[in-house]
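Below: the structure, in structure tokens.
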């Protein structure tokens, strides 16, 4: 057991922290107030930076692969490093972090289940040219968590797939399709009657005729990040843009639905980490302000002497660190090549709730200043809440944890 | 004898308020939030309904029957806030002055001040209580009122002063040395500086400002009553009632959504995780309402009720945060989108642990 | 709206408080430590007192009926009065309160759905002679809340019913059957295949051959109260000991299962009130001790000044009063003849949780003294917990509230 | 490099401890609670397994490899407490003395004191920290140690002193004026008065006592080390680990019960209300475990870790109360009956916010 940061980790964190402080914090409020605008200077800067260090900004970046660099130890800590860096970036600004041009969830899917040829076509040269985004489009207006309800259809027509349907809540979908030469991984069904097994994911490149971003959502928080509604009308893509086999295999397989679901095992800790970054930003600022006022937290004081403020700060620090450790453990297991679905959902469920409560409490404890948009606390409260919703809501992740500890199938517990 | 039923007059008022909130306030709430303004037609319509006039006894030109009870005030506040909090605070703002004068003012002050709020149309009221610092507490104000001969000299800084730039008078609460005093400061008074309109997490439709008082002089007659802490407790009752209204709005919206939304072959409301969350929201909202009603009732009995008010205020502020957050959670991703009102209730709800003196009963 | 106590209420409370302080507190610890013994002096005293004032100790006493005594107002407040008095008695001791010889839940059932003749036979002369108990036997080893699973059978044999089965968790069952000339109302089914509609309740008098108390439970708390396991082997009772009609009416009716269920509308607020009494006892004692130490609760203090202790006390007072008001409201509605199932379950669910937390917190805040059996706090923590379990667990009551606010049937939400 | 895996030695220890806890402690736990005594055979069996000897380096007659780590200590404490808390505290009691001497004592004290705890059989240890008053806090002791020439004079009152009547020595913690000192007081010392065995909410099987110190004189050499607060923080790590063990016991029991118990046509574990409660219990237990591991690790790094320990201690104490209470709730009425162990875990679990210095790592 070891709770020390490797040199590698310390360096990566320091670099991400530098980006967060100098490139993100200064523009965070502006792009919250000016929703639906694009921080191109930031995008270009991050794009160039990414070329230097991709893990820093790739969701699920190389989960499980060996990093091979700096760190003496043979064992990989790539997922862990990704989480640590993302915590720093989200500490800078969660909305901007989600806007960083990169292969994102779409890229993660290609990486997880794509063929070498697909990785070559869509990832190998991704970082060339102008900033690009790749997104994942799963949700549809009539369903959220129940992703086997996918109604978007994919029909084979000669050497093309023809997609029809509407996708919502597609993070960076607008930038992937309309503001760059990126792509969106779209979930569609080959046969609605066949349920999960018939659901496949398809790589839809920017510029594909019939693909339109029909709405960009107004949100409570993470406003710098675009959340797109995408309409597919007879959108035609090459036959080999399907991820995994086109066959409908009744039993889930890594290549099909299950495979895409498996990417959650790496993305959930990463979502947790981003929320933790936001909550830490709030807690850091609150503590700074308290220190300025000469208030010191007496951690060991008795409830007969400790103030409510001190206890609240103490509880928030414990909640935040607990969420972080759960997240790191889920990463640690992935880096060790262990199955971590339960731990990933534990981390996500715990972090989602903790960061929501922490940021809400920081606003409260900062009083009128906390409620004012002159300070960042209120923004972080709005930004943090999404942590408990996307990549599986609190309820979905609790359900996964419950099934796991009870040894139940989704049929036995739903 | 313990009884939770509203009397006929109260039931009538509640019906009127709820209808107005549902038919006129709620449909305008989102746009008001995005446009950061309260539509004039709502102000006029509310004025016609006489929420202000009804709170003033006939003796002073209103058509209220005697002093309005805090419970009745709480019912009105809850109902309007269920429509929208920012709009409710705007519409009820005259009571910040009217109630203070009625409950603490001299006969002369009543005759002098009240008529201005009983014209043909709505006249905004304003009160300055909160001060711009983290540890602010309504009993430890730093804004001071120093008596100099026949005048009071006010010095200090306030924030979250609703309608400061729009109101003819601001009721400024300040430490007098022997407690808290309330002073009527007319717009444009020398030494009164009204800052930029504030931007906050919530209440976007409500115009609030920071104000500075630098040697601002008012005649001794501008002081309304003695220890004004009593008004700040009444404010907490009004705000707590509004917290209940906001929570109820979120609960009812989440119920409708959950009964309509499909997942895993059923409505999400049929899932215990969601159903129990809604049940808990309902229980907490009702518990908070009853606690605050009892606090209001205690005030109506003529007691200071500082303990009852503090308990209800704390409970309601925590409740509304939890309930509105759960309301958003029930909607999942859709709750995070501004197409639905739930996120607005979260942003408004968070304010109740900060608001002081922003409404009255 | 009115939050003032009527003279009638004040008198009843004062009387109950007097009993609690002088008759119950002095022996409370003894009959907690000496489980399975009987405080006969207390029984006899309460028995005599009951003759003077029955409502004081009758569960669900006259709910809905007009009291007609003392109180000027025409409107009834009987359910309210019962709750107020029971809060006082439970403040004295919850285990002893549950042991008070009276018609209890069994009597409540007879009162709710019995025929005039049955009321005459079992209730009219109940208070004559030596102390008696009447109990309700619903639960069986294989089910708890799911009471349509009743497997105890009732078979008609001439002018007798023959009962067979095993009942558990029967409060005061031992005293009703073995220590007095009382009776137990037993739920049994006429036909297991017919579900709810076939479940009837039967009055089984003490001394009925074939009825045996086979176990008296060791419990965490309320140890002065006996919790019996009752075995029925060919227990024969007169035909007219059935409550309601012997016919199996498919649709629930007040006379059958539904009728008995309806008694919950009065018993749940009463259970809530008893828990509130226990929690109040703990909070009262904690505050006394704090006052002795010169600690004053600053209710209006800011979180920057208020101690954790003060905030906790404040929260407990609010929780306790909230539970009380919810309970009183449920009573108020019943006294007004309004349907109060939702409110009764709201009160029970809220009180169950609140009194559990309050008593646990009081033990914590009293430190080593709270944990010691020299003080009563630890006992009250053990006594309070049952409030969240019997007469419908927290979960069952939440379910009932959820159904009510959602307008769902038990089929739609279960 | 961050890593949560146990090393091989730790895994071996955990397996041994868990097997002993499951096979021998758990089956005896209820009877021990009712009979208010720890069976001698358990004491002997535990001694054979060498939980104490293993914590003492070979240099001093044990067979531990160097100073035992706080993490390893936490693993042992969690495992044994999962069997039963009272029994675990009894079995590990020698470490109260042994650890203090090893970590704070002089070379001479180590040579003098340790052998007594390394005989052929178990020798109970004892420590006196808690004092019988509501607001007691481990950093504000009223028991004093006054130096007089070559002696210390101890005065004060302690409670929850485990095995005070059975142990050859009690390590008494007292305020020295410049901090907290730990003093080894032999049984029967003049001025040491051991009271009646205490009766508590939980820990029935563990013998604890109140003790009085009235001018109790011990030689200066009886003082172990300097500021002994460090040992009280280690105690909190040990206790927090035990809290995790108790919570895990309740969680696992509730899982088995919920998967076996039918209601409404399914197992109750298939109801979201129950399933989510269990999921939450699992998450909270794991979160607390990790927090405490990090605190233990920080101590092993030689830091004071007062913040980390305080956070983990508070979190674990709250967690175990919530988890054990929910564990009981899952069983409903059956949880309230002493046929099942869950109520015992609630009673023991409540103690963690009170226990101080009752175990060591």
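Chains: A, B, C and D, in written order; residue numbering restarts at 1 for each.
Methods note: a residue touches a chain if its C-beta (ideal position, glycine included) is under 8 Å from a C-beta of that chain, and two chains touch if they have at least 3 such contacts.
If you're wondering where the values come from, they're calculated on a predicted model, not measured in any experiment.
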In how few steps can one go from subunit A to subunit D if every step must land on a touching chain?
-> 1
Whole-Å distance, C-alpha centre of subunit B to that of subunit D, is 52
Length of the line joining the C-alpha centres of subunit A and subunit B, rounded to whole Å = 39
Return the residues of subunit A touching two or more other chains; collapse runs of consecutive numbers into ranges.
-> 304-305, 365, 395, 398-399
For subunit B, residues that touch 2 or more chains besides their own | 135-136, 271-273, 276
Just say which it is for the chain contacts: an open line, a closed ring, a star, complete, or other.
-> complete
Residue ranges of subunit B in contact with subunit D within the complex | 271-273, 276
Residue ranges of subunit D touching subunit A (in the complex, touch as defined) | 1-7, 10, 71, 135-137, 139-140, 255, 258-259, 269-270, 272, 275-276, 278-280, 282-283, 286-288, 290-291, 293-294, 297-298, 301, 306-307, 310-312, 314-315
Which residues, counting only subunit D, touch subunit C once they are in their complex?
-> 130-136, 159-160, 198-202, 262-264, 271, 273-274, 321, 325, 328-329, 332-339, 343, 346-347, 350-351, 353-354
Which bits of subunit C are touching subunit D when the two form their complex?
-> 139, 142-146, 149, 168-169, 217-221, 227, 289-290, 293, 356, 360, 363-374, 378, 381-382, 385-386, 388-390, 393-395, 398-399, 414
Over in the complex, which subunit C residues touch subunit B? Could you list them?
-> 1-6, 8-9, 71, 73, 75, 77, 80, 299-302, 304-305, 314-315, 317-318, 321-323, 325-326, 328-329, 332-333, 336, 346, 349-350, 395, 398-399, 401-403, 405-408, 412-413
